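When the chains are written out, they are named A, B, C and D in that same order, and each has its own residue count from 1.
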């Protein structure tokens, strides 16, 4: 069930260049089931800024949850300034996340995260590993100073890192690493910038692929039609999916990205 | 000289019902000369709220200054929520305050403050007492729980308190007390709600009377023409005074109030 | 009698607070959050004769104190709204105001005729003010003669009262309001969004794929208040006010300006519980203002010499 | 050559940033805060033939992300502006754009004729968009024919280029813009304020004594951007953009929309040092955007297929 709650900040710390990890205490953590679901965060009282900010759930804990965000515009900058003990207005959990059940024990799941698409992979890796799925994580960043959660993901399986400028891990894109794992993946889960998702969809690296999309949102709950995309079977027609409430995770081939 | 400075909060505490005393550290305190001058305070970054708030200077100290404000709308509520150590964007000192020099040593000055018109009387009383002027303060409030600065003003002379509901001091208005002091005042200084100022002007309680006016402001420095009033000698004409830069203190009879 | 109940043409409202069209879909999502029967009414998303996908994304952009949208009237079309959405809404004890849109007069007439037959549709809201479609929409809303003619046509076929939703993107709002009143409108709803744009510094291009979009949210409130103040003095049909409402205080401000009910749009995205919250807060605010019934406040700002009881928030 | 210098009709600007009319008086107050010679230009307060006191107070009210003003064109009158204010401003190395207003065509002509003779007045700004006066002002700005005729009359007498300041309170801003271009305008300045109102819950009455006022500040920025985007594609005279500018980023957004220079109004009240701050920040922002000169950015949002260098604030 979707709840609105003032969640207390347990910790809010930089973990890479302009990347922050925020732990929030709240009963709505009990409603959270899947990685890839997101919360809609009101970063300030009043109307500056006005709209909530969608941020993926990175980790579901007992009575708390973690989100990881990049300090980018006004909203995330205000969030980064908040200190422990302060309350933040959170609406969530929203949307449908990654279907961990699609990966069977013993199978190999490849988790691909690009930039701030990495966070949901942490909860997913945790859930998959717990079930006995073999987890391989591939995470990509611009540069060495942007890298985060390599160690955390390593708890659950192999981790490969790519950086665009080659300053850490392998130089290039996550797809370069995916290319090298040919045939190993029974299922791919991915979250990151749209061009990355497209490349993964086109690469068809596994029988099943799930992708988490991003879109500018109004309501976050399916009421405003801000975040729709066409379905692949009817790319010019009237059929649509809402990223916020039908997604943000879709199976590859389901919607036009 | 007018300066803009981020002033650090030294203390910010309630001193009566919804009345707060805020001490700010800043080099602009060195520019402050007169009580009745004011500062223009930006209570929040961003545009919520957008405009600065005018607040009178209550006390000028060495390297710091005090203002006293009523928590009323959005701006003063946000101010009341700020804690020690935080910086506040202050523009000031602005305007022309009470001309303490108009009271000569040995003369009797009657200082009249109504509600949040009381604060400037504190600095004025201090300056007058220092020069050897005999100070009588009359302060008026709605009710006993709104009363503040009685003790502080008592350092510099006699203090009379009036409350509208009679729950403290004398029941009634400051003018009721003024009426009783007939002939004692060589000069009257007053700050408070407009009806009070009008009554004091009409009462002509002393050869010289100075009144501090309030008006909604835009710039606070004389550039926007938001705060003008007619002059008494030309009440329908083109001549005017700006409350922010010509005032806020005017001699009784100078402008139409 | 409750201090909040309001009678308007076709609408018997428990209270004067309703979600604005396009900000509440057809109620399904919000029904998971609270009981829709507590609302005064529901203004459902604009319906066109055929299904519409709307504009490409991005469709929304934030602005200082507001947001732009260019949804482009996405909706499942008349048949589906009539056969699925409206029947689904019948489970709630709440009157529906059906927002109707189109590219031609015939479109409006067709949708009006059918939707006005739905048992829970108690009024129509003629959307002649959508800034985000290429044909129809706002064109009707900026030309008094077209607006009047369209209103008349729709009135002829509608089985329920017709409210016309006015666009603020006009030189003279009173002229349009009077034209649609002459055309037979039973009420007005105002305002729709102001046409705006935001450009992304990272790309140098407008953020919205549609380039321009409709501005809503707190930033437009003073424009809405001004227009309602002007129009309410010059027409004799009631106004449902909207544009930037965030709180019970804002609702009161709209009443003082001249509104007889109020709709909440954008704030539903910011605080999905805002409508029930406002409905809960209103009675206490009325008490503070010394008003027995909220309808006493309609137009108080221009009914001279009647100052309100002193009120401090 | 500086990356910020701009040539516009009559105006040789060191940089494209200037205070907007009515938000800077005649410069005296701000001259105590910084050297006015650093500004691109100064748009002085509207001048009418005779002195005006303006409207009763309160004249300003805050709104969400903006403010309303109803100053009512208070000014010392043509003679005093010509004989005292303008000569005083000559001590600064900065071109003056004189904002002129009136109730009749003759008023405008009279003020234009004389002020255009002042040595430091390099351009006139025809204010046909003041919403706060009973006669003239906005009436000229909402009727294309009147606007065109007035522009023509003023052009006949002016010794310097004439810019026309457009009102956003119109159904079709392009129509007015093209009309004044046909009337001979050398440039446009836009936008003036949107008509708005706020009602005080404590009294039940409008806060402004004038009841309605002009809305300015960040909340109107998307409307300004949209109008400049539309107009700049349809006229061939330059636009000085304004409406909600708070930062160097906002100035860039106005250029991308189609402006050739930018004016800052309300923000001067919020941060009196805003103009010099923006002027200082602009060169670095241009560098980040890969632009050698700010004029390259004018209209980039509608000059297709030219995406900007990737820019992250």
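The criterion applied here is as follows: contacts are C-beta pairs under 8 Å (C-beta built on N, C-alpha and C of every residue); 3 or more make two chains touch, one makes a residue touch a chain.
Note that this is a predicted model, so its numbers are computed, not measured.
Two chain pairs, B-D and A-D, are compared here, and B-D has more C-beta pairs in contact (counted per touch definition above).
Chain centre most remote from that of subunit D: A (centre = mean of CA atoms).
Mean C-alpha positions place subunit A and subunit C at a centre distance of 36 Å.
One inter-chain figure worth recording: subunit A and subunit D are separated by 46 Å, centre to centre, where each centre is the mean of the chain's CA atoms. With centres taken as mean Cα positions, subunit D sits 33 Å from subunit C.
Multi-chain contact residues, meaning those touching two or more other chains, occur in subunit D at positions 64-66, 217-219, 313.
Shared interface positions of subunit A, defined as residues touching 2 or more other chains, are 47-48. Taken pairwise by the contact criterion, the protein chains are fully connected, each one touching every other. Listing the residues of subunit B that touch subunit A in their complex gives 44, 46-48, 74. Here subunit D touches subunit B in the complex through residues 22-25, 28-30, 32-33, 45, 51-54, 57-62, 64-67, 69, 71, 74, 76-77, 207, 217-219, 246, 266, 268-273, going by the rule given at the top. Put simply, subunit B touches subunit D in their complex at residues 1-2, 4, 42, 47-52, 91, 215-230, 237-238, 240, 245. Chain contact summary for the complex, subunit D toward subunit A: residues 64-65, 313. The part of subunit C that touches subunit D in the complex is made up of residues 63-66, 68, 142, 169-172, 194-199, 201-206, 211-212, 215, 217-223, 225-226, 229, 244, 249, 252-253, 256-257, 289, 297, 300-301, 306-308, 310-313.
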